[in-house]
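Across the two complexes that follow, chain A remains constant while its partner is chain B and subsequently chain C.
Let's look at the complex of A and B:
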């Protein structure tokens, strides 16, 4: 699965939830959910960048499957709380398809391959930079947020007590994080300018993922399938 | 788009997602997931804000797929924050908080149809529980869904606006002046 072109993986992950919503419930949702869940069991669907983690009590091949089930389970509980059984099944199957598809996508799609694919397709370097820089900035800032929380606690900040006290604590935690991040914009700007980055410029892809004819046909086929299902549903 | 604004976008997305650690520490019923969108808009205008909002939704989708349809809300937030910045509503907490409350109403009106028709009002545990409370109070299904969204969005957006106003005032003037809209947003230009 990991060797497939990133656009093919995206197309499959987008088509399954779309079909789940387009096809009549519950049959359509059940069929798409079975396909999505079977994808989570395919070789190559490993924990990946989403950080799904590995439990010793589960075989590695089942980690993605388990993550999909555990992510979807609360929705069924909330649906049962708010709706009758028929509606719960109809919406639950659709949401579960969406969850399973995206959990599978997060496990098999390597961000660097996606960036290479967009660059090879001729997208501007701006789009590639935004995607790659965002994915790398999020864990860095999350780690910094945790360090700030620990540092403020060491200084005696109490995040508990009255609501007013909690808001004061929130200010003391959020402000250093946001201000330090904004100062980082200067450093990033200098780094990008010194590398000659210009908005709209094109980059040469070093290792473009192979895009086979079969995969292109599959992508167009999925699009046509979704459109046909939509037309039939509306007719 | 200038390189500075390009560098701002990933940082603003990361701010939105990293603030959850601060919220978890103080255990308040807030999301603050639009902070980056509002901050980027107040600094650089709605185009940058929309880019931040769309990217925030895309990255959040990898964690929880139900976030993606709410990208519309992020775009509305960016447009509203752009209006607020041009009207200098970030000049003090007295103007920022009511503006945030206004955004809370708009955001809940926007998110309710998505939440109701796509997810049956089960996007997060908190919203599902407040929707159940609205149902128990005798509200019709769509009304209960709006109640759930309103309860979660109303206070959250006011706090987010207050936080962004505080950040803008805490920024050194020289740093703020490097962004096209920052000084106007706080009424200093």
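Let's look at the complex of A and C:
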């Protein structure tokens, strides 16, 4: 999956939620959700060496799948509080498709490949960098958060116990993360500007991801499929 | 002297990758130990084991009479003060003083004790003039010192420091060296991971070298630093004073600047020159 062109990954991740909302509920939502969840089990969508659900290392392979389910679960609860079961199922399947697609995309899309692809296509490098930086910030912040939690625990802070305790600990954990991230913005900006990254400048792409004909056909096909489904639904 | 820190056949693996294998050594109260080795030798893993962030797969890590295996890092903070790489990222309080006092307050110490420890830690690192500033208004080097002051304020029996002098200039390194020597004199055992062998030579007495997760050497630091042929395969280069000492074949092979100057003056026939 990781070897697919970034635009193909984006197209799949966009088409599934679109179809989930266009196709009639609950069948449409169920079908798109099943596809999206299947994608989270595919090789390359997990941190494990072989991320298929049936491989020997199936446990790490389930990380993305599990993340998708756990992220979508609260939405079902809220929907159930607000609507009847029929509506909850209809909207829940669609929202779960959106969540699973995004989680899958975040797992398989390498930000640097996306930047290369957009630069090769002649898009603004600033916009590409902004999008890629947002995606790549997640693991960076996660690693930093872990370091901060460890450092504060070694200073005697206990993030366990009562809710009040945990809330008190939150300040010592969240503030350094936010402060250091904000503080880093200056350094990152200077580093980028000092290396010539300015708005409107054209950048050379050294290793554009290969964009095969079949992938372009798939992308256009997905667009046409969405349009056809929309027309049929509105007709 | 009793052992403040003892590793007894310690082994640790990250999945199938062994990081430490059968490592055993003691560090007595007041002892100053350099933990050396190339990148990936297992130094940081060892520091994390001592701090209680990891627990050994084999063997035992003792801090005093506490087995770290069953204890959380926040409990071990009563005995172990830690400074990690990127320590400046842990600061969050509105002032340096408030941040340094965070550890003692988290341990629930009385207010007067918190104040005493905080002021002493600030003074030890000459941070008194910055005590009312926001940590993020300080340059990175001083932020690192503020983080170190936070560890010193815990007044632990074991101080484990991972690269405490990275990014510090000569004056600040000397400040750190003085503060560490002072804490060791008060009885704290020091275990310092460093690639800064000049700092190690000036500050620490014993050298423990890890190579591929195993204990390669454990001996007086001066003997280790004057043995270029043993350091080279480990990716280490003797500091200038130690190399000079060997090149000139100075008696006693001094590795500290002051000792080398004294020896040189004596050899030249002029008596102590400094």
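Simple rule for what comes next: the second predicted complex is superposed on the first by the 154 of 235 C-alpha atoms of A that agree within 3 Å, B and C clash if a C-alpha of one lies under 4 Å from a C-alpha of the other, contacts with A are read in each partner's own complex, and residues count from 1 in each chain.
Quick note on the criterion: a residue touches a chain if its C-beta (ideal position, glycine included) is under 8 Å from a C-beta of that chain, and two chains touch if they have at least 3 such contacts.
None of these values were measured; they are calculated from a predicted model.
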Exercise for review: Pick one for A:38: touches chain B only (first), chain C only (second), both, or neither.
Suggested key: neither
Practice item. Would you check which partner chain A:188 touches, where first means chain B only, second means chain C only, and both and neither mean what they say? Key: first
Point to revise | Touch count on chain A, higher of chain B and chain C | key: B
Review point. Taking the superposition as given, does A:151 touch the first partner, chain B, the second, chain C, both, or neither?
Key: second
Review point. After lining up the shared chain so the two structures overlap, which partner does A:138 touch, if you call chain B first and chain C second: first, second, both or neither?
Key: first
Exercise for review: Kindly classify A:171 by the partners it touches after superposition: chain B alone (first), chain C alone (second), both, or neither?
Suggested key: both
Practice item. Check the residue A:180 against both partner chains and state whether it touches chain B (first), chain C (second), both, or neither. Key: second
Practice item. Mind working out whether A:83 is in touch with chain B, chain C, both or neither, as first, second, both or neither? Key: first
Check your understanding: For chain A, which residues belong to both interfaces, chain B and chain C?
Key -> 144, 148, 171, 175, 179, 183
Check your understanding: For chain A, which residues count as touching chain B in their complex?
Key -> 17, 21, 49-50, 71, 74-75, 78-79, 81-83, 87-88, 91, 95, 98-99, 101-103, 105-106, 126, 129-131, 133-138, 140-142, 144-146, 148-149, 159-160, 163, 166-167, 169-171, 173-175, 177-179, 181-186, 188-189, 192-193, 197-199
Check your understanding: Which residues, counting only chain B, touch chain A once they are in their complex?
Key -> 1-4, 6-11, 13-15, 17-23, 25-28, 30, 32, 35, 39, 51, 55, 59, 61-66, 118-122, 125, 128-129, 131-132, 135, 141, 144, 159, 163, 166-167, 170-171, 175, 178
**Study point:** Partner chain A, residues of chain C touching it in the complex
**Key:** 48, 51-53, 72-74, 76-78, 80-82, 84, 86-92, 102-104, 106-107, 136, 147, 150-151, 154
Review point. How about chain A: which of its residues touch chain C in the complex?
Key: 144, 147-148, 150-158, 171-172, 175-176, 179-180, 183
